[in-house]
Each structure stands twice: as C-alpha cells, then as structure tokens.
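Just below is one structure, and these are the notes that go with it.
Order of writing sets the chain letters: A, B, C and D. Residues in each chain are counted from 1.
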C-alpha cells in the first residue's frame, strides 16, 4: 500500500535520504530504526507528503507523489494518522478540540465526534485531561494527545514518529499495545523509534536507516 | 455537517487571538472614522459652496421711469435664462417696508418722497456656470430699457468660482489618499493578525483540512472585525459630529448630521474591508505556508 | 562587552521578522503622510486666509474739492490706526493712467476732463480685528472732510471673518484626530509586531536575559522602523506636493512646498513614534510574559 | 545547594506537586524518576523559578523563591543550565546563535563566545550543524542543541529534563557520559528521566515521584 521507488530527498547541505526502495503492505506493522539524524522522520514526512522527493516517487494508497496536486494532499492526510515527534498541538484550544479537529476537517457529525474523541482520549489514559490546554500538560501527556488525534480518525495507515520518547516504560508499553490493537484491526502502522528495548521482543519487520540509507530491511 | 463549526471557529478566532483581532478592529475603526470625517467635511464644504453658488443674488434696480412693458421685457428675459432659478419683484413700497424693517424708521417720515427704486432680486444658480456668464447676463440686463443699475457681489462670485473646483479636486485627492491608505493599513493589519496564526494553518493542514476549510473561519472572523470596526467608527463619527457642532456650531449655517448614506457607507465599507482584507490575506498566506 | 550584539540584534530583528516590521513601517509611513498632508493643507488654508485678511483693501475716494489739509488729516488718521498697515495715494492722474492700462483708452481722449477722483488705497491687516472694526473705520473715514466715498468688499470681509476661526478650529480638530489616530495605530502595530515575537522573549528569559537586554534590540528596531517610516513618508509627501501643484496649480496663488519645518517634523515624529511606540509596547508585553 | 522546604505547587485543577522536602548538594548527580505526568518537569521548573511554589520555599544557591524579585531571576538562570523537554530553541536564528545567546546575555566577550560555543557543539556531536536552523534539524539534533546551550555557560547546576527522549541508545549514552564528565568537574546535575535502562547501572541518587509526591529518595 506504501511504495518507495528510488526515493531520494536531499536537503541542500548534504543531509537527507537516498535511494530508498521498499514497500509496506496493507495491515503491516513496520518499525523504522536508526540513530539520531539518520532520516527516520524524513521517511515519514515523505509518506504524508510533507516533503516531496527530489528523486523517485512515493505512492500511498492511490496517491502518487509525482502526480498529486496540492489540493489532493488533504484527502491523503485524512486517511493517514500521524503522531508527530514534536506533537504539533494547537496551543489555542484544549485537548478535546485538538483531537476533535481531525474529525471536524472531515465533516463528521457532531455527536459521532464526541463519542469517538472521548473514546480515543480514554484509550491513551487522558480522559481526565480533556479540558486542559496543551501548555498545561506534561511532555508525556502532550505526546499522548498527539496519539489520540492520530487514531481518532481510524486511518488506513498510522505513522508514529517516536511515539514513546517522552513516556515512562509502563505508559510506553501501553501505547505500543494500543498501536498493536489498532494494527490488528487492519490498520498499517509505521513507527519510527530508537527505543530498541520497547520493540526488541516484537516480531515486526524493521527497516534500519543509517545516514539516509536503508542498511537492513 | 460541520458548517456550524466553521462559523463558531470564526467567532472564537476573535476571542482566542484577542490582541491581533483588537488591532485589526482598531485599524478598521480608525480608517473608517478618518474616511467618514473626510466625507463629512468634504460634503459640508461642497454643500456650503453650492448653497452660496446656487442662491447667488443679483439686484436689478429699475429706473424711476420704467414702464410695465419694460418690466415684462425684463421678466421675459429672466424667465428665458438658464442661469436664473427665480426672482422676486420688489416694488417701491416693498423697498420702503424693508427699509423700515432694517433701519426702524419710516422712510416717508424722513423724506417727503420715497427715493428707493423698485428692483428685482434675481436668484441665479451659478453651479454650472462661471462668473463670465453672470457678468454677461448682468451687462445685458443693465443695457435694457427701464433698468437703472445691476448690482452683485462680483468679488464673492469670482472667489467662489476660483475655489469651488479647487475644493472639489482637493477633496477628491484627500479622499483617494485616505481610501488608499485605509486599504493598505487594514489589509496589512488583517494580514498581520493572520500571520500571528500561521502555526494554526500549518497544523490544520497536517491533520487534513482543505484550504477552504481553513479559510472560512478566517474570513468570518474578518467580516466580524469589519462589522465591529464599522460600529465603533459610527460611534466615533457620532462623537466627532456632536463635538464639531458644539465647537463650530456658531460659525456654520447648518449642523453636521449623521445621515443614512454615511451610516450605510461606513457599514458597507467595514464589511468590504473585513471580507476582502481577510480573503486576500488568507489567500496570500495559505500559499506561502508549506503543505 | 556585547553592546554591539544588542545593536546588531535590533537591525537583524527587522530582517528576521520581515512582514511584521514591514507593516509597522507602513503604518508609520501612512500616519506621518496623513499628518503631513493635514499640516500642509491646514497651513496652506490659513496662509490663504491670512493673505486675504492681511491685505484687505479699502478705497477712500476723495471729493473733487479735497484740500491738502484734508489729505494730511486723512493720512494722519490712517497712520494712527492699528488696523492700517499701509496706504497708497492715487492722484487723479494716476487714476487716469490706471484707466488707460485697464481699458486701453486715454480718458482725456474720451472726455474733455478727467472725471476720475483721487483716492487712497488703504491696506488693512484684519487678522486681529473683526469686521465691525473695519466698518467703524470706514464710517469714520467717510465722515471726514474731503472724503467722498469709502468702498470695500464688505461681503468678503464678513465671509472671511466668519470662516477664519472655523478653519482654524476645524483644522485643529482634524490635526488632533489624525495625531491621535496615528499614535493609536502606530503604537498598536508595533505592539503587534512585538507580539509576533513573544516566543523570543520567553526563551530569552529562560536563558537568563535581563529585561533591559531583551528590550534594547526591540527599541533599536522600533527606532529604525520610525526612521524608515519617516523617510518613506517624506517621499510620499513629496509626491503629494508635486501632484497637488500639478493638479491645483492653476487655482492657487502659491504652490505647496516641502519646507524644513515639515521635513524636520516628519523625521522627529517618526523617531518619536518608533522610540516611544516600541518602548511602551515592549514594556507592556514584557510584563505580561511570564518569567 | 538546592533546598526544598515543604514545597507544594497546585495547578488549580488538581494536578501538581505536594509537600516536597529534599536537598541536593554541591556537585551531586540526582535522577528524578517517575511516570508521565508525575511532576518531574514541575520540580525542575521550581528550581529555575519558572513556577513559584504555592506553599513552602525553594532555595537555590543563595536565591530564595520566597524573597526573590522578578529582576533577580535572570541572575539565577545564568548560574543554572537548563535542558528543556521541548527544547525551547529560537526558530529565527541558527544553531550557533541559539547556543551563543546563553553567553551573550551574560555579556561574555565575543572571542570567548566563539571558542566555547564551538566546543559545546562538538561535545554533543553537532559541530557540523552550526549553521542550520532548528527546523532543519532532526528531533534528536534539536535536543542536543538544547544540551549544548545548557552546558556552554558552565553552570553550577545543570537541570536536564528528559535529555535523551529523542535519542537512540548510542547517542543517549554519549550524552549521559557528557553529563557525567560535567558533573565530575563539580557541577551538580539534576536529571528528570523515565529511561530506566539508561540509569539503571549508575550509582546516582534517585528521587522517585508519583502523582506529585516523593515516594522514594
């Protein structure tokens, strides 16, 4: 469902990712691992088309990076859930509205929104923080809001960038279990992480990146 | 569907970004107030000029020996002139009455006979004519049988004539400058207030909002800012009107008033400023912020 | 020490936050331009009024039998009047010459004798007097030995008298409104451009910057914005002056000019706007942002 | 050198930290551990006086939270190095200027600044990123810039909030080694972390927080 064809993304000053070739199938769970600055986030950004390849093409579902116009991108992003390394929460609205936004942009009905948002917040253990603003939350709580916003729209792919970087092992395991459950319901999951301990006992495919190149898949 | 959400977003945008919204509203208020003042002052000045120019009076004094026939010839001429909007005949007796009204003495008691001549007070509408037309007319009248003398305030006429156009052009220039300045200011302040929220646009895009979805709340917010700005401008203008009337009432023949055209104009301009300003700004920014 | 850094920060602040700075500069430019126009227009109008009022002319026609003694009495009276700034004696011959200049015919060729009376052209400075003083003076002159008639444009005088104060008060009101509006607008736009950087202030504080250290670059940036705004306003005003002279040159007796007071005034106000605006805004914000 | 006397910080809606009593001595290395939302960041914020206690008082060096005026805070912060969980980098200047800022506010001489900034960047492995802007860096790289900015001023205490949350184990160990080296030179280090693996083999004192209370010290 996700295809990388000879993809390179160069950032001018040398850094970037080079000549990526791999596929991720429907319902698969893939971990992207590698040291800091290797290019993990860049790969995820290429999938949700925040970055355009400088070479090659990325195909997600039936969205092709080499053909997709700007006004097609929102429709791609509605099918892809994203957990950002830096959370990307709106400071000017509370947790509930931050999560609900993902559904509102799709024009889901109000009642349905309420039910699903509360459900998502509970599943990340933040039901009691619905009325808080992001800056009133701890780092780990903000990260979980980002998780809730990604899963609330029931995407076909879930992209998780370091989703447990700010969480203690207990909560991290809970979040991983949550991703696993979502994966079992048919959603593909692509997780970028450096938390080897967390994934070392999982059977999931690993794509290893070093200095912008796939070294092991 | 969630159209209600978009409208609510527009309203709460005002409340969330209080300070940038406040500045946008303030700028709209000030711009509209300045334009309103320019308009009020300009129309007042034009009105004053026109009042004088449309009611310009020429006195045609008849010679003592003027006959009925002379008078009918004169009246015919006055009736046929495009310049003349009306005239009154003032007989020797009328003139005597006026004399008494003005000076408090009966002229017959002062003198044996009434030396005051009969006359016509001719009102001319000089708005579309220049002073040469009036001079010509006066000369023609002066040469007619039965006319003794034609009197009018030539100096005033020439003055009016000279400055009427200057006032119109000058007023036009100022209005254009104020309008242009307002558009620039309002447009850029709204842009700045949207600029303060570019983070919001970025995140909205990340969660899959279409451009339209992002734009609508900003435009609604802009319209609200425009309406609020117009409201405050009307209050401000009302203050200016009352203040000016109080300070200048004794100098001016008519008072400034807030008539419907100005109220309607301010509201319409406010709406337009808010709508066009926000629509243009958001369109500009949205294309600058990366997908 | 790193004072150089603070100055550099101020300069690069302009470059970093291009858009908010641009809006602040634009607002200063527009405000100063509007104030400049108000000032130019106001002084021009006052100037015009004063020109007319200070050179108000009264003609004193002498009767044919006026003696040298009569004339010396008249001149004495003129010399002693505070109203009178000067007068010219026009003899019968001078009058005849003028007649020839104006009508192209030698009066002695038309008539046998010169019927034109000798006269005084009296210039009065009416700026500090109202029309009653002039009327009184005229009446007194009229009653003097050797004076036949006194003529002056009473209507013009009354008009000037009535509107001179109105123009002054009106101009004052407008200047105050424009100045007030400018201060509000400039202050708030600078605030908004600082508001866009409150993140910077927060982080500066976290790394141990004192308030003074944070403020100085903003104030330097404000001063730069003020100077740039003043520069553009001067260009704009120059354009307005040239444009107005071009469009209205034929109506006005004197042209608009960019004199030193206005150049100095615009630069000073620009500096003040930038300095005071940024100093006040940053002081306001810095106390709002948490330590 | 750091003293907590009956310190409580309540955030209105229930959350916060309560009745903290502990000291941290000159040159000590202390780890604050506990689950997400326990109050770790709040404790650090109390030390650099980003939050004021609602009850009790915090004394750092000779700065007393109950006496300190606002204009004294900058002088405290110049002696305290802070690594923020959310990095707090200025987006409008590059890495070099971000790190140099910590010295510029202290009016250090230009030449000295240059030497120390480059040294700090090299010690976190980012010498080659000096000219990059924060938004051009990976999550881990940004975190390391935050570390560089904290150590460049040679503080008497170093507060590190989750300094390895975005780093792979290799780089995380390097950063920990760096903190250890700094500690050995006499700087006290207070590190909030949930990375048990990283610290499990270290001899450092641990303060364990749960739901705002010290449960083990």
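By our rule, a residue touches a chain if its C-beta (ideal position, glycine included) is under 8 Å from a C-beta of that chain, and two chains touch if they have at least 3 such contacts.
These figures come from a predicted structure and were not determined experimentally.
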Chain D reached from chain B - shortest hop count over touching chains: 2
Computed distance of Cα centres, chain D from chain A, in Å: 29
Inter-centroid spacing, chain D versus chain C (mean Cα positions, whole Å): 62
Euclidean distance of C-alpha centroids - chain A vs chain C, Å: 66
Shared-contact residues (touching 2 or more other chains) in chain D: none
Category of the chain touch graph - line, ring, star, complete, other: ring
Chain pairs in mutual contact under the definition given at the outset: A-B, A-D, B-C, C-D
Footprint of chain A on chain D - complex, ascending: 11, 13, 33-38, 40-41, 85-86, 131-132, 136-141, 144, 161-162, 165-172, 194, 196-197
Residue ranges of chain A touching chain B (in the complex, touch as defined): 48-50, 70-71, 73-78, 82, 84, 88-93, 101-102, 104-110, 149, 153
For the chain C and chain B complex, residues of the former touching the latter: 19-20, 22-23, 26-27, 30, 33-34, 37, 41, 153, 155-156, 159, 162-163, 165-166, 169-170, 173-174, 177-178, 181, 184-185, 188-189, 191-193, 195-196, 240, 243-244, 247-248, 251-252
In the complex with chain A, residue positions of chain B that touch it: 1-2, 4-5, 16-17, 197, 199-200, 202-211, 213, 290-291
